[in-house]
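Some structures to go through are shown next.
Below are two complexes that have subunit A in common, paired first with subunit B and then with subunit C.
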Partner chain A sequence: MTKKAFRPDVDAPEYKGAYVPYDIIKEGAIAVLVVFILTAALALVFSSPDEKAITIKTWSNADAVDFAQTAGDELAGTSAVAGYGAPYNSNGTSQHWGFLSPEKWVGVHIPINTSQDFVIDPLSAQPAQPALTAALNQWKSASSTVQTAWADAFNKAEPNLTFVNNRVIIPTKAAGPIPVLLNYETQMARSGALDQALVTQNGFYTTNYTKPLLFLSDGTYFAGLANKQHLLGSQWGMMNETGQYPGQAWLWLYTFWYQVKPWSTSASGDFLVWGTMMILTALMVLVPFIPGLRSIPRKIKIYRIIWREHYTQ
Partner chain B sequence: MSTDIDRQWTSRIRHNVVDKLPPDKLLPDTQPAYVASWIYVFGVTTIAALGVVILTGIILALDGPQWWHSSSLGHFVNSMHLWSVEIFFFAMVVHLWGKFSMAAWRGGRSLTWVTGAVTFMASILAGFTGYVSQTNFDSQWIATQAKDGINSTGGGAFFNVLNLGQMLMWHIVLLPLAAVVLTALHVIMVRVKGVVPPFEDATTEVSA
Partner chain C sequence: MAQGWGLGALINLDHYGHYIQWHVIQISVGNLIVMVLMVATFVAALLAPFPGRRNRKGAK
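Up next is the complex of A and B:
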């Protein structure tokens, strides 16, 4: 029989020592009981958070200016979602690292045209009103060059947009039908009709909230609420929960990379963070096969504390 | 000489299973004396917490995903679901670091480590899909933030975190199934190979 050298980080010595009584079923039963009681006690004492979901109705009523500005950006094609890139559209620069850009390779799979999906289509489904119909016809029949000119004029006037007496006031006369469209869009949002219109575009039944969530994410109102709940990325928000509750604390390492350069400042920060975590995860899964890494436990000797009784005998 | 019965798939599988995992290994009544540390408690605690997570999840599923917003009983069950998840991850992480410190992959136990690590990953995904399925402000915010990371990998085209229906299905069907199957495989491997023995100081030789 051939012999090979004992590899201390791969092979385990044969145990020839004593065995002690062990009731595996009793151990399992006690563990379940203790965890159940502990869980019930924590639930009774601390409960759980449930901050109500916001709607486009609550947003537009709480901050009509932010809503109208965001809707204008969606119509003008200058919002974050409008220029996002894959998988929603092809308008943005995909995140990449060197030649690696899986976002770009996969392409557009969930097509979103913010102008059409968030503004024109919902308004077109409204009951006919002469001013609205005229504004929609003016927008739809205009060339893209003309639409861009109107959008540019809106973007210049946007910082001075106001909401007075239930009307959106945009201080420009060069924005074509945009002021009229945004007025109707804002009224629609404040009534709750826009919430419904955005989720029913695919029919009666729906469980897909991609469009209203993307619309919400473009405004500053949503992020302002998250800021108050310490949920922003700069607040380690990925592992936080609303209120004073523990969240996904196990995501601390994902969140960590978002706080340090170059991950925190790169335009492809998300891809760098996820790429980094994929590599670290692969190392963790494959540690038994990686020389050096698999020697760490033997060298740091924490095992001597765990098996201290064994070593003292 | 093998008979027709011995060559049956059923017979072969039964013999293999019984050979590798006889009843006294599956349900042992003794264990090596070195298994004497509190660190060993965290493995069984993880499984116990997984049981409570699944039980409370099943109760939450009975009346649909929005029941817990309007019912005090539902809110209590949701609270138990949350806290059992917190205990589950705490116990699992301590278990993982404990097993790393013991180099628990030694002695032909590499796959036991790998299934444990993959179970950890599946659990993180299960927890995440639960957070985005809460149908409240937290789920709205987490979904809109998480989309950027997942989209950057190309995965967002197929795993749309803004699609509540898709996330809920992954959370209550696919990922629990993965977690339970992986946990079962992990436990079976532990029972087949036994708990890893301590490092020995003296260098010895093993038969190849």
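Up next is the complex of A and C:
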């Protein structure tokens, strides 16, 4: 029987050297103790990020114009969420990579009708007020063609929208009930009632903030705050933390792709980045089976530095 | 929250951070410090002698 040739990256040579005892339990215990002391000390010295949560109440009080403009876009169905597509609605093109489109495959499983869910339903749940009830009835009884005409008039006047004496002023008379609806919506938001109305109650605990978060994401106020804290995708935001705290440095490669073309400019950027990282992760997991790649540790010889005592003998 | 207990951080980092920009690369000073410490720890792990080496040498 012929002896098989030794394959350096696959076969392990029989070890014939000396053995020394090593207490790995002791090493583990020391490591845990050191990490515990470091964690306690660093927490005492630096504490942790303490940014207050941004709510719709915060937003509408800080920038009522941006809020009212965004609410108008939600009502008109022209916001980013309204045209996103799956999983929220079927109004947009799902992110895809060639024929791969998981969003489309999963379909609309978190249905959001921005006009109804963000504006009409919360206002309808308000205590009856004649002007509000009349405006709601006018909107609900209008045909979609008439609603679109009002929305178009609002969109034209939207850049000149102002907020004066606690009132939203929209310089157009062709927007139907939209100015009245947006005034009540803004008042509701500034009082905090809209936050409550948008939260989905699942059982005893309130944990589903999908609607208020999507609403917030459509405005420019929230993105402006993220921009100041370097948290936007275009600012390597995934690896940053609020304030001067270090963030998720291990996400450097994931967020790197968002800075370079074609990932940074693609409408399917999120899916492209995810797909790229999945391919790279698969390559890493399969290193022992990839000729050439698996030879790198043997060729760069870093192991010889670690085990230098053995190799000098 | 530490402040609720009457305790605050000795060094308050809740201010806008400092960032270093080099072409497409943008990194916060906080992250850079952590990365330098991680690399230093890695190099130390490579170069620091194994515990007990001196005893073993003495025993030989």
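By our rule, the second predicted complex is superposed on the first by the 304 of 313 C-alpha atoms of A that agree within 3 Å, B and C clash if a C-alpha of one lies under 4 Å from a C-alpha of the other, contacts with A are read in each partner's own complex, and residues count from 1 in each chain.
As a convention for this text, a residue touches a chain if its C-beta (ideal position, glycine included) is under 8 Å from a C-beta of that chain, and two chains touch if they have at least 3 such contacts.
Because the structure is a prediction, the values reported are computed rather than measured.
Enquirer: Going by the contact rule set out at the top, does A:S47 touch subunit B (first), subunit C (second), both, or neither?
Expert: In the superposed model, A:S47 contacts both subunit B and subunit C.
Enquirer: Can A:E309 be said to touch subunit B (first), subunit C (second), both, or neither?
Expert: A:E309: touches subunit B and subunit C.
Enquirer: When the two structures are overlaid on chain A, which partner does A:F36 contact: first (subunit B), second (subunit C), both, or neither?
Expert: first
Enquirer: Which holds for A:G17: it touches subunit B only (first), subunit C only (second), both, or neither?
Expert: After superposition on chain A, A:G17 lies in contact with subunit B alone.
Enquirer: Determine, under the contact definition given at the top, whether A:H230 touches first (subunit B), second (subunit C), both, or neither.
Expert: second
Enquirer: For A:L123, decide between first (touching subunit B), second (touching subunit C), both and neither.
Expert: In the superposition, A:L123 contacts neither subunit B nor subunit C.
Enquirer: Mind working out whether A:L161 is in touch with subunit B, subunit C, both or neither, as first, second, both or neither?
Expert: Once the two structures are laid over each other on A, A:L161 reaches no partner at all.
Enquirer: Using the touch criterion from the header, give the chain among subunit B and subunit C with more contacted residues in subunit A.
Expert: Comparing subunit B with subunit C, the partner touching more subunit A residues is B.
Enquirer: Going by the contact rule set out at the top, does A:Q244 touch subunit B (first), subunit C (second), both, or neither?
Expert: second
Enquirer: Kindly classify A:V260 by the partners it touches after superposition: subunit B alone (first), subunit C alone (second), both, or neither?
Expert: It touches subunit C, and subunit B stays clear.
Enquirer: Which subunit A residues are contacted by subunit C in one complex and by subunit B in the other?
Expert: Shared contact residues on subunit A: 20, 22, 44, 46-51, 229, 241-242, 245-247, 249, 302, 306, 309.
Enquirer: Can you check the complex and tell me which residues of subunit A touch subunit B?
Expert: Interface residues on the subunit A side: 1-6, 8-15, 17-25, 27-28, 31-32, 34-36, 38-40, 42-44, 46-54, 86-87, 95, 102-103, 105-107, 109-110, 206-210, 213-214, 216-217, 222, 225-226, 229, 231, 233, 237-238, 241-242, 245-251, 254, 268, 270-271, 273-275, 278, 281, 284-289, 294, 296-298, 300, 302-303, 306-311.
Enquirer: For subunit B, which residues count as touching subunit A in their complex?
Expert: Per the stated touch rule, the residues are 27-37, 39, 41, 44-45, 47-49, 51-52, 56, 68-69, 75-76, 78-84, 86-87, 89, 93, 98, 100-103, 105-110, 113-114, 117-118, 121, 124, 127-128, 131, 134-146, 148-158, 160, 162-166, 168, 196-200, 203-208.
Enquirer: In the complex of these two chains, what residues of subunit C are touching subunit A?
Expert: My answer: residues 1-3, 8-19, 24-31, 33-35, 38, 46-47, 50, 52-53, 56.
Enquirer: Can you tell me which positions in subunit A touch subunit C when the two form their complex?
Expert: 20, 22, 44-51, 228-230, 235-236, 239-247, 249, 259-260, 302, 305-306, 309
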